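Each of the next two complexes has chain A plus one other chain: chain B in the first, chain C in the second.
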Partner chain A sequence: FSSSGNRVNSDGKPAKFQPPPKPVIIDKQKQREERRFLSPEFIPPRGRTDPLKFYIERKDMIQRRKVFNIPEFYVGSILAVTTADPYANDKASRFVGICIQRGGKGLGATFVLRNVIEDQGVEICYELYNPRIQAIEVLRLEKRLDDNLMYLRDALPEYSTFDVNMKPVSRLDHEEIPVNKLQVRMKPKPWSKRWERPKYNIKGIKFELPEKKMKAAQKWSQPWLEFDMLREYDTSKIEEKIWKEVSEELKK
Partner chain B sequence: MMPIWTKSGKKHAVTLLKVQDCHVLRYVSKEESGGKTSKLLVGGKNASPFSKSESAMEIFKEAGVPRKQKVTTFNVTDDALVKPGTPLYAAHFRPGQFVDVTAKTIGKGFQGVMKRWGFKGQPASHGQTKTHRRPGAISTNKASKVYRGKKMPGKMGNIYRTSFGLKVWRINTKHDIIYVNGSVPGHTNCLVKVRDSKLPTCKDSNKNPPFPTFFADGDEKLPEDLYDEEVFQFTDPSVTY
Partner chain C sequence: SITGACQAIQKLTRVRVVDNSALGNTPYHRPPKCIHVYNKTGVGKVGDKILLAIKGEKKKALIVGHKMPGPSMTPRFDSNNVVLIEDNGNPVGTRIKTPIPYILRRRGEYSKVLAIARNFV
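Up next is the complex of A and B:
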């Protein structure tokens, strides 16, 4: 004896049976495993080098990571780096800044931190595997809309100033990394590079240029580039293999 | 090429050289070769035996070794002779030694005088008619001839060149890899000849090498990695001052 036969719509016609919504189960364990981060310097560049060279370099990198913790960070996160300095008072110097670029592959991987100290913009390029680095702390872990924040040099200085005594922002392990969709305001032109051109593909600038200039910049667009098959470099399988190798080694 | 750091925190660039299936092929005595010392022929990387004639394969058959892609000669004193057929390993060199590396440079093809010899060329404007990268004058009036060896355009690269006095920072005995300071002539994965340095300033460091060579089936058991004393090993904690 079901009561569904007695269901009536607001119009007076018999209503169709709507099943209850399915419960959504958020499996936190699975989420944590799915989010794997492989530091970009582990992925070998495309070339004719013997894979044995990358394997040996990776062994050295993993060895260094066992002794010294290199945390996960992205371009746009705020880091504090302490380096051993023979000419400083405490023999150690600490620099806080936003990571604007991560370059290099293998042991020579670098990252550039930018900050504005006493109205002077300062950028320091650190090597990830340099033995003189004593500590790398991530004060705020976040991503930005672009992979390369070099345009902060031509942006208003307020976007590059960070407090030197900033406290690390606490976050939970399984949370997704927040993407800061900040659109940065620029100083008046001329800039160091013509950031409005499509080759830089910048999404994080609030362009206040006239429409005519923006349209003229599109003249330098190369729409065929995304379809160029010779430039394709699919790293998904390589990343899988390297991720397995690295995570197994680090667990030992 | 890879970076390597010393214990004082300085960074040096290092080239990795792999010793791939090296065997001693033949002993040529002093009288036979006509030189001052006897020679040993050494062969590198294994290659296919089917593309060479029978006469060329004789050397490899005598030594009992597969055909090698590159064969070089080393001038050797009589007390350092090795029996033909013995394999040579990276442990023949030790960290702290100095080494000369010879290889064929990257071929650039037919090149002009500015790239090949570094000439300055001519200005781009101010009335220059069709002359921007030319050699200009090639001789004087009095000479009334062009001297032999005059620097002119031609095929550049693909010739043997040597880098002298390169320090060996590290040896990997498991994969037979030598970490040599600085850069080395040749493209990636090219065949290279590594020899004890003949520079007079490097004589002291080459005092106690494994003599005549390192034998894998001998009594000496080496660890997987051999480092120079100044090299920062990644098992150590960070450098402090």
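Up next is the complex of A and C:
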């Protein structure tokens, strides 16, 4: 008894046996290894300092990371930081906010969190490797269109308000980090910086200025900067080396 | 506002009164301005006392937050906040809704101001 015997071609002749399609196995472990994240403060700045200094600093940073987990986060993700404070009620204070800037290299790396509490905008600049920090929690991991969200100070306060008791958003390990293509609306001018100028190269603002002003702002553009060879700093090879070094040390 | 620079509080800075006192909340055609800082340098940071000119009267006040970035791990506010105070250190208002930095607890003379504060940062 075989079902294939009943199969007939469109011509009327008996059809050839076709095996069922093979199942496609997605090896999730391989996918996970493909995405590697190296925190930007590991990459040494361009200059003539001895690489030994950066090597010693990296050793100290890895030591701290072994004791305390610093999660992966980007500018635009929402974090909750608990710090030890001798003047706080329970000796610990918790602050929730959106990361607007990551600066500094090495052990002095900082990140600024911003939130609006009771109609008052508050920003705190935390040092990543400060021993006073007890926990860093990523509540929502996402990227934004810009590297620097300082323009949120001049944007409407609704774009900087985040619930202090927000629950962390669950996400799968191997998913791509979502890019939030939000275009922010601004308060009326004057702003702290002229964000419409091309030097800031901001993509995340919905400019409601008249066309004349946008064209006048382009007068300050410096189109030759992207072709300047002396300003080039290719970090891909340095990143590879440092990534290998850091991941090996952390596995020990 | 007219000036955009973020400096700490000195003479002639316009400040924002954050408690619920009558002096601080009734509208007037001129904003409250600092006229003297009780400090060796004329620059006031968080926890310094200043003299304010409000509604044609002089009143002492305590700085609870400014726009200038301070030491790391301390909060930086989007406006220069101030709490009205008497000469002996007692606050004039009864409630402070805006967040206050924890650093104010270091000096024990401001415990009455901290007692009326609701949120801390």
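Note that in this section the second predicted complex is superposed on the first by the 224 of 252 C-alpha atoms of A that agree within 3 Å, B and C clash if a C-alpha of one lies under 4 Å from a C-alpha of the other, contacts with A are read in each partner's own complex, and residues count from 1 in each chain.
As a working rule, a contact is a pair of C-beta atoms (placed from the backbone, for glycine too) under 8 Å apart; a residue touches a chain by one contact, two chains touch by 3 or more.
Quantities reported herein were computed from a predicted structural model and do not represent experimental measurements.
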Fit or clash between chain C and chain B when superposed on chain A: fit
Chain B versus chain C as contact partner of A:67, first or second or both or neither: first
Touched partner set for A:192, first chain B, second chain C, both or neither: second
First, second, both or neither for A:121, with chain B first and chain C second: second
First, second, both or neither for A:22, with chain B first and chain C second: neither
Touching partner for A:153 - first (chain B), second (chain C), both, neither: second
First (chain B), second (chain C), both or neither touched by A:84: first
Which superposed partner A:132 touches (first chain B, second chain C, both, neither): both
Partner chain in contact with A:252 - chain B first, chain C second, else both or neither: neither
Chain B versus chain C as contact partner of A:215, first or second or both or neither: neither
Nearest-approach distance, in Å, of chain C Cα atoms to those of chain B in the combined model: 10
Set of chain A residues, in rising order, touched by both chain B and chain C: 85, 127, 130, 132
Residues of chain C defined as touching chain A within the complex: 4, 6, 18, 65, 69, 72-79, 81, 97-99, 102-106, 119-121
Chain B-facing residues of chain A, complex: 47-50, 52-53, 56-57, 60, 63-64, 67-68, 84-86, 91, 106-108, 127, 129-134
Chain B to chain A touching residues, read off their complex: 2-3, 5, 9, 11, 16, 18, 172, 175, 177, 188-189, 232, 234-241
Interface residues, chain A side, partner chain C - complex: 83, 85, 87-89, 93, 95, 110, 117-127, 130, 132, 153, 190, 192
